[in-house]
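Below, each structure is written out as structure tokens.
Same chain, two partners: chain A is paired with chain B first, then with chain C.
Presenting the complex of A and B:
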């Protein structure tokens, strides 16, 4: 059976420490300021409640990836476990993927002039290890799961109301933050 | 906001003029037999423009030496299809060049095939920008804009190239065609601006355009001034002087280059950052 691996982030556990980002940057030898994982602080205030949380985001390894569709060199492919991989050998640096991904996942490396993105540490997964970001997470907020076997009725997707963008079907889910009474 | 994509601006505008010239030659040939000199001039200029355009497109790539790989994903990538069609157009142009020195082959069918390939190349170019992530582009407008640039600048280039080789009625029909393209361009822009405003990113694009001095420069130089010059010239039935034709071509050329630059700069992409 075809799998779909994806991240699940428990926003109630994430401290916003950035250990996942540093681990990714160091282990993938990304030159600053290039990052394959980003951290954003979100704050939503209502009349009596407030939600303040961190979102650690990387490539969503979408079920229908835009990057794979638009790449003229066939540098992207999707493994049977759902990981969307980018092959730098085939990349011409045309930036089609950079411009088409609604999540800003692929980025141009200014030194190699080629695109790059989170590869979900596929080489480590093949050895039975966790991705660097998951291993570095202090609180266990960031986890890797087989998405199709996960109860996801309590989970949220990072997505947009635009139907055409929902079609990319990102494979990353979030446990929603608990609101705090003011 | 997008960035100033000069290699792409040069590539798209020049390749569209080049294909516009070929289509114009076909149109003229369908009405009256093309004069040999005009055909040769048109084909040579079209080819030079196409070669400069193709060369400029390489500068957009991070690795121009690997450009050949960009043709390997024809199944879903419009960029791959664009490259394929432009290569085929270039092959068609080579045959046209051979015909211009050995006028024995089937001229009209060769012009037709090269025109169709070129137009498919232009449509593929435009389809690259039809992306769900960029609402201002995610519609049919890029296709119309690109084809209108080809029709407008191609016709004007042919009028200048034709000179005395063109009969007055041929010249008039080309200028009428250019006038029609300007009017349709203005109409298309108004329609485009009013329809993309429905979402936040599209509204940001329209606001950027309308508040940019470059857009008003583009509208004045590329639409309004040539429109007035062409209307006055065609109405008075006088023969356009060469200097007026050069002026109209220069105004429209600057307008189209600015318009294309603004097309890239004004694009606002959706950045998904919310949980739903």
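Presenting the complex of A and C:
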């Protein structure tokens, strides 16, 4: 593997506005209830401090993708830039990937009865453009980087250290949130 | 056949796109999926016409007459090629299966028994009813019109024009949104006039006062962030730790409705330390020293801290920083003026800005909003009453429309008896969902003989109507839009043909005029010809041309234009008050029964029976009753919630996810609890919205209590939406 592209989210800039999700939906023409990007609001409150921040997450384009490993039809493919691609033509709709991804990235499309997930707008990247979600981000909180060459002492993974996480090695990092004093 | 990787990817995309597009094509029926490749993608310029600070420039992508997607217009210098989440859902709105597609009648009203009728039958029924009421009462005053901000496109003032053209009618006058703050700035400066929001990059210190820009004006955040990158500090003052507040350098959780007390405390500390810009204040205002005397005799930091719940050291910190870090910008949100002392609190904040010399400065200002770019012709709005029309004789002896209070609509409609109101016409407005005291609204609608609503969805107001007329979306119409925040103006092109049988307000007016004049010649003065583009063109005039530096509206098709104004409002020091100076002492305010000076006015106290304040702020996934009903929004935010502080929740035995009954003497709602420390134990929060297939409506408990100001500039005082007191129990 030459490169590994991945999302970096600055939680101090992400307003949880959801524009990334809707831009993904409209450009990929996803019918409800499908969305390839999710938003979570996190609140960690103490007596004098509160952390309120948002996590915008999509497929993590893992270094060792579990979806790729379990897919019996060979519908998954990992590009040399690290993007994990799903090919609906080879997808039988068996949902092995839907069940095995620790991040619930692949979802079954109820209309086509096939899985689908964030393809990292590979066609746009190939034209030198940003993915739609990154393009839509108003504050620059969501960015796409070559993960291996990024200084990551200021970054952290906010997901729990589950065994599956260590196995799949998701290509996503977050800048840690600042708390608000109450 | 062996595919190269490139082909494999291309094939994947085509398959995915084809599958997803099927829905759209099925709905429009004009083409089949196979035709997709036949026509090149066309783009059009649009402007989001909602009641929103940002009024975004949009590019619509149309292929084979189908709106494929909507993106931000990169030529718009404020919205900068980006949209909010609502903007990206427009395809779901335009092609929503829930849209009102044809004129329909409901028999009986409220039954849900809708039948499709032709435009001719709809117009015939409406015209006959108007003429019958006119002959029964000798005037068209029994017809009451209510329109506000569902679509702020200038051509939509043709809805008002419809009424003018049939005679003198009863009109809902006022604005529920921001009138108290408008009056405050009218008393102080002569009108509301904010700095260019793009100028916020020049601020060295920023206070967002009751402003949740992350949800309601997100395009300003990049400018604020730029200021912060240059070292500016961002302070957010809000009773609720909003999304915006959570990103601030300093968040101040203030007791609701006490913003004026905080500003007075700051002012006192600034005075004591002599950080006052005496030159600016004395040269540009009247009554400043009188107010200084008031501060010295009446205000202490102890009092301010006690009142606001803000520790004294924090008041000192922000007072010092605000007064000594220049330029410093303040942005006053509309939520903080929705109180019985809201306008007065804005006047006090204005005075704080004047005291520190931050008014009239780039990077400064007490920014609330402006109407400087709204000098259109209002051609569609202005029509003479038909000959022989009888009007209402106002207190000034002049004959005209009978104005009633939009902010006490149910009560005022019922209170009319000479003649009574018998028919309602609603456009760009959903009082069934948005007005205070929903029970009273429902009762009032039930008492009407006839109700016509122009809308795109079967919302609460439509559910209480006899006839609904299908409204076009802005992609199906020509129009022009300005913002009350940024300085840009954009043209809105017709990107797609109107779907089904939808029509714009002006097209409806033309049809009605034809019908009325056929039934009774001379009964309606609305023109019966004009294409949508011609109607939009007529809104332009030399004033707008010179403001934008254009000579023809078509130049806007190349891109929106920014008004040629200075980045700082009031930079020339020419205030529009009677004295031509900032009126810290306002005789006009005094004449209207208000304090002449920006002094403290008490906030509303919670009654013993209903000790909890219910906040119903603007939602994230919609704008009032628009957007939340769309499928993408229902997926993102499937049900309403009430946010309760864990301490308060424990007191009432409420846990996360419990159904909670919120009630007072007026009514009740039941909603799911979410426990959070983002609000205080005194305030519960439930966001106003209209959800699909749900009766949820926050306004059942809301009394139509007027705010302190609004009458001077907008005709009626506002609504104290945030002075709503309730109690809760586990449902």
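Structural remarks
Following the convention adopted for this analysis, the second predicted complex is superposed on the first by the 178 of 182 C-alpha atoms of A that agree within 3 Å, B and C clash if a C-alpha of one lies under 4 Å from a C-alpha of the other, contacts with A are read in each partner's own complex, and residues count from 1 in each chain.
Just so it is clear, a contact is a pair of C-beta atoms (placed from the backbone, for glycine too) under 8 Å apart; a residue touches a chain by one contact, two chains touch by 3 or more.
Since the structure is predicted, the reported quantities are computational estimates derived from the model, not experimental observations.
Room for both chain B and chain C is found when the two structures are superposed via chain A, with no clash between them. In the superposition on chain A, A:174 makes contact with chain B only, while chain C stays out of contact range.
Working from the superposition on chain A, the chain A vertex angle toward chain B and chain C, CA centres, sits at 120° in steps of 10. Contact with chain C, but none with chain B, is seen for A:43 once the two complexes are overlaid on the shared chain. When both complexes are overlaid on chain A, the residue A:116 reaches chain C alone and has no touch with chain B. Legend: residue contacts after superposition of the two complexes on their common chain; A:26 is shown touching chain C, with no touch to chain B.
In the superposition on chain A, A:144 makes contact with neither chain B nor chain C. In the superposition on chain A, contact of A:12 is made with chain C only, not with chain B.
Here chain B and chain C sit at a least CA-CA distance of 14 Å once the structures share a frame through chain A.
Common to the chain B and chain C interfaces on chain A are residues 112. For chain A in complex with chain B, the residues that touch the partner chain are 40, 42, 55, 66, 68-74, 90-96, 99-104, 108, 112-114, 156-162, 164-165, 167, 174, 176.
For chain A in complex with chain C, the touching residues are 12-13, 15-19, 21-23, 25-33, 35, 39, 43, 45, 50, 52-54, 85, 87-89, 109, 111-112, 116, 119, 122-123, 136, 138-140, 180-182. Looking at the complex, you find that chain B touches chain A at residues 60-63, 66-67, 69-73, 76-80, 83, 128, 131-135, 138, 199, 269-276. Chain C makes touch with chain A in their complex at residues 8-9, 11-13, 15-17, 19-24, 68-70, 82-89, 91-92, 214-215, 218-219, 221-222, 225, 241, 243-248, 250-251, 253, 620-621, 631-632, 634-636, 676-678.
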